[in-house]
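Below you'll find a set of structures to go through.
First chain A sits with chain B, and in the next complex the same chain sits with chain C.
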Partner chain A sequence: MKELNKVMPYLLLAPSVVFLVFFFFSPFVETFFIAFKNAEGGYGLHSFRKMYDDLNFFVALKNTIFLLFAVVPLQLVLAVWMSLTLRKIKKFRGAILYIWTIPLGISDLAAGIIWLSILTERGYLNTIFLNLGFIEKPELWLSYEHPLLLFAAVAIAEIWRSLALVLLIIIAGLQLIPKEYDEAADVFGAGAFRKLFRVTLPLLKPSIQSALILRSILALEVFAVAVAIGGTNLPVLASEAYNWMANYLDYGVASAYALVLLALSIISTLGYLFFLRTPADAA
Partner chain B sequence: MKNLLLNILSAKYFFLAMLMGLGLTAFSFAEVVFYSTQMRPVEEAKKIREKVLANFSGNVDFVPDETPIWITKIQAENKTGKVTVSLLGGLHGDFSPVASALDNVDDVLGKISGNNIVDTFVKTGKLGGNSQKYIPWAQATYIMAAHKDALAYLPKGADVNALSYNQLAQWGQNMEEALGERKIGFPAGPKGLMHRFFQGYLYPSFTDGVVRTFKSKNAENMWAKFRRFWHQSVSPRSTSFNNMSEHLLSGEVLVAFDHTARLIPAFNERPNDFVAFPAPSAQYGRGFMAVIVGLAIPKGAPERTEASDLIRYLTSKEAQLTVLEEIGFFPIIDIELPSNLPKGTQLAGDAVSLQSSSSDALPALLPSGLGTKGGEFSKVYKDTFETIVFRNANISKVLEAQAKKLTAIMQESGASCWAPDAPSKGPCPVK
Partner chain C sequence: MATIHIEDVSKNFGTFHALKNIFLSAEDKEFTALLGPSGSGKTTLLRTVAGLEQASSGRISIGAMRVDNLAPKDRHLAMVFQNYAVFPHMTVADNISFGLKTKGALKEYIAEHTQRTAALLHIEDVLHKYPNKLSGGQRQRVSVARALAVQPQVLLMDEPLSNLDALLRLEMRSELKALLKKSETTTLYVTHDQIEAMSMADKIAVMNNGEIMQYGPPEEIYFKPKHEFVARFIGSPPMNLFTVQTLKTVNKKTFAVINNDIAFVIEASLKTKIQENFDACGVLVGIRPEQLSFKGSASHAKTFADASTIQSEVLTIEQLGSNTLLVLKSNEILFRVMEKYGIKIDLNDRVTFGYQPNQLSWFGKDSGMHIEA
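This part shows the complex of A and B:
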């Protein structure tokens, strides 16, 4: 019996490990090799060169990184603000939380299509504006002629879609902070802001760190929302990887894009681990 | 107790026998899996199943799919040797990347010689080799369409059936001035077929070539003109248009260019509101491109005999006319079109024959011999268009840079020139 107890955890973990090795690790290794393979069968930087020379590469890189910087910080601020507010109310707390987390259950493509139906030429926004008399004819919000609007639309849709994820992590983190710290700060006469920056946020750091790591990786992978709303007008790294794989049938360049995404994810994760580290004795 | 066990056992055997019976029945009704990149929209697929295949004696499962997935699946089935598909439907260009997975169908071609397939189409089905790789099934092309309201703004003296690109530009400008909106539309969205406009229409008409003349002086002038035209007259929503009949019907645009099958729904829905007409012409003529849909059998197809029967049926007069009426792809066999066609199809058919029989007609062939590089080839034209028109880049610099990529694609694939480019020995050069 004792023997079985020793083996049991491994047995229980085995399916998930096998799953990950099969569906994540092995494709990853293959991607790595495909990216460095030449047409002649040797290995080299051919695909990276081709990616670098492509006129969409820097546009896609720029769009992806700008989206990351536009979406993630705003989401974090919103999530902290929302969860602090939620802590203060007593009635309907559960109901509000459920409503806030609805977007979590919607696929990213569906989210993109929802926002497209709002912002398109004959969409809800234009209909409302027309009826209110703000505009005389349907405006084109999502076109290459308004790159900033297009970018903003994708950013808003992304924020809306995945705010719930950050929110849940932050709320869980807040619940771990003992009320005594707050009360102690009150006793010493700290104001609301001081309490936020000196007590709550520092104690929340581990949760903020994991929220940022998760969200940044997901933000780098942005795909369906950008494609649904931006079409070909807002290329991002993931959509370019898809295009090279599906439309141009060059798996090498597609894999090179995938590796660039991986590198960015690793850099951002290491960055968060380093800059938001909690000293060992403080934990 | 013993009885109970026996009962359970016998029930088990009964169940097993039932399963085996099911298996046998599944075997005795052979089903041809017909896997196609064409007729993908739900309504078209439904018409194929209910109107076209319903009259075939065998059992067919029509499965439309997107081209990249189609290619991957065929390659995967070929590699693993577990072929489930018996008949493939696709464009000429779809077949090149999977050519090595296709069975020779010379025998099938022999069997259907009575169907009178037009010779030129049969030849393209050899994919540049000696044996038949696919059997032509249907053809289509790209034409223009306009709402009748737009005709009032035609420039003076212009004949809509013999327009020039200059007149089209003037027409667009007239509409913009009168209506305050840019009313010409192109399918430049992610799933639109805009690249065919450059490869089969604009480049041939302005430069008498597609590859050789890619960065010629004529091409530079053409792009400068086209950029001006786009900003003056073309709806900026064009970059999200995939299928122009929707946007013609909604009134977003009044004049549009698209694939016949993507215009006919609008013609059929309101035949009295629209006119169909040939694409415009420029100094080298009226460039246009014909698209051929073919049928092929993969190597190791489980139901080869049934599949070849199905090919014979699909190339018969009856099936060809049903496809034309229901979906708007034109026959590849030599027949007179009946006079009782749906009005929209009639409209498109008239424009198609006007386009190919006009005195300055300049037929452009589909890119051929590119193999898996077909997608990248089209990317060169789309990228050139986007950088010049949307990012307002220096034309000669863009052409210079893209020409390098085009040269590399031609070298890697070894494709020789196709019309209207002059023939070449070896890969088609970019001059």
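This part shows the complex of A and C:
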């Protein structure tokens, strides 16, 4: 019985470990090998060279990183602002939170299609603008002629789609902060600004860190929304990886893209871990 | 450094009346303890003075300034929280100087004053540390230092010692008392610990169900409870209270008869008032356990001529170190007597106790109000 008790936790964990080894770890290692494999069967940087020389690579890299910088900071600010506001109100708090988190239940492709239906030539936006007389004829918002508009449309759709995730992490984090800190700040004369930057945000740092890490990794992987709204006009790293795999059938370059994404994710995560660290003795 | 005037303050949470028409005036430099059981409204009253709760009605003034419509930060007060609320992400020095910084004090002043306040609380060695590296007692000191550093008009303390262990609490208690005496800060101090209140406060406000039952110096609260609740709440063990069954006059002396063995003589000056109350709704008589004194074993033939003694049987004996607590039983009535250690007494002994008639407290049975001459 005692023996069984010792083994039991491992037995219970085993299925998930097996699952991860087969469906996560092994494809991951394989991707690594595919990326470095030459056509002749040897190993080298052949695929990376090919990726680097591709016209779309730097465009995709630029788009992905710009999206990251456009989406994630704004989401964080919005989420902090929304959760602080939500804390202040008493009535309908639950209802408002449910409405705010609806996008969490929508797949990213569906989200992309929703925004496509708004912004397309015969979409809701054009209909409204036409009826209000802002425009003479339906405008083609999402075309390569308006790269900035296209970028903005994808950014807005991304912000809308995944804000709820950040919001939930921040709200959960705020709830963990005892209200006495807030009250102490009030009593000792801190104004709203000082209270936010000297008390609330520093105490919220662990939650902000998790939210930023999660959201940045997901933002780097942006795919369905960019494809649904931008088509081929707004290439991102993930859509390029998909292109090379599905259309050019070059698994090597696709894997190289995947590894670039991995590297960016690791860099951003390490960055957050370092810059938002809690001093060792304050932990 | 200022008076506190609380006039007719009420606070409702929905239909719940947390505070009911509270009046309280604390003098300058005075230490006032708000004492009561949990749910009595003492913390709500403190938080209302702090501005962390809005009073539903009434006025609160600090010094000459009416503050009940001001934000907490404009009330010139400081607060020590029950769970310290010392900011975990700031060093001890930053915590202590937090209030000074928000007030925009000069850098040199902040540094010097932080140092001085820390020395006052014996935490000058941990100024650079973060709170989670400190013990509970040290954190409490940081919390007090943060409050004293701003030299507030009024200091509010919400059960500041309740999270400390017994020995530390005793030490902190006397230290705090000396410190507050020296700083001459008007203090409101919430506690459920009557010994804390009795030992530290200049005045105690005993609260129950959102009302102040009695407000006065500790001795007055202890020896002259104005209400049955205060009599029952203050003192450990609390006052013995007996329901008077009949009033009987023998040899020109009037007695409040509890049962065959127990009767208390009524002072002449109180006779009429007690008679009136007894006729209206009944009377309770109270005496503190240490005010009953052991007179030796009883003769069975007790007469009312022996005016100032009562008799009963010893039910339990508890040795409490320097004192001995006796629980006595007379018919179905239980009461307690506190005696010095070393009295010769055994279980089931039938014994006689003496008392001073002027130490008896009389209360109306329904109103609970003290009966005065």
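One rule holds in what follows: the second predicted complex is superposed on the first by the 278 of 283 C-alpha atoms of A that agree within 3 Å, B and C clash if a C-alpha of one lies under 4 Å from a C-alpha of the other, contacts with A are read in each partner's own complex, and residues count from 1 in each chain.
Criterion: a residue touches a chain if its C-beta (ideal position, glycine included) is under 8 Å from a C-beta of that chain, and two chains touch if they have at least 3 such contacts.
Fair warning: this is a prediction, and the values are worked out from it, not measured in the lab.
Chemist: Putting chain B and chain C onto chain A via the overlay, clash or fit?
Modeler: Here chain B and chain C can both sit on chain A without a clash.
Chemist: First (chain B), second (chain C), both or neither: which does A:Ala70 touch?
Modeler: Once the two structures are laid over each other on A, A:Ala70 reaches no partner at all.
Chemist: If you stack the two complexes on chain A, which partner ends up touching A:Leu165: first (chain B), second (chain C), both, or neither?
Modeler: Neither partner.
Chemist: Going by the contact rule set out at the top, does A:Leu234 touch chain B (first), chain C (second), both, or neither?
Modeler: After superposing on A, A:Leu234 lies clear of both chain B and chain C.
Chemist: So in the superposed three-chain picture, is A:Tyr181 touching just chain B, just chain C, both, or none of them (first/second/both/neither)?
Modeler: A:Tyr181: touches chain C, not chain B.
Chemist: Should A:Ile114 be classified as contacting the first partner (chain B), the second (chain C), both, or neither?
Modeler: A:Ile114: touches no partner chain.
Chemist: In the overlaid three-chain picture, which partner chain does A:Ala157 touch, first (chain B) or second (chain C), both, or neither?
Modeler: Neither partner.
Chemist: Under the stated touch criterion, which partner chain does A:Ile208 make contact with: chain B (first), chain C (second), both, or neither?
Modeler: Neither chain B nor chain C is touched by A:Ile208.
Chemist: Give me, in Å and rounded to a whole number, the least C-alpha distance separating chain B from chain C in the superposition.
Modeler: 51
Chemist: Would you mind writing out the residues of chain B in touch with chain A in their complex?
Modeler: 66, 68-69, 71, 97, 181, 188-190, 236-237, 239-240, 250, 252, 372-376, 379, 383, 386-387, 390, 401, 405, 412
Chemist: Name, in rising order, each residue of chain C that touches chain A in their complex.
Modeler: Where chain C meets chain A, its residues are 50-52, 71-73, 77-79, 81, 83, 85, 87-89, 98-99, 102-103, 129-130, 132-133, 146, 150.
Chemist: Would you pull the chain A residues touching chain C in the complex into a rising list?
Modeler: Those residues of chain A that touch chain C are 178, 180-181, 183-191, 194, 199, 202-203, 205, 278-279, 281-283.
Chemist: Where on chain A does chain B make contact in their complex?
Modeler: Touch list, chain A to chain B: 39, 53, 55-56, 121-122, 137, 140, 142-145, 227, 231-233, 245-250.
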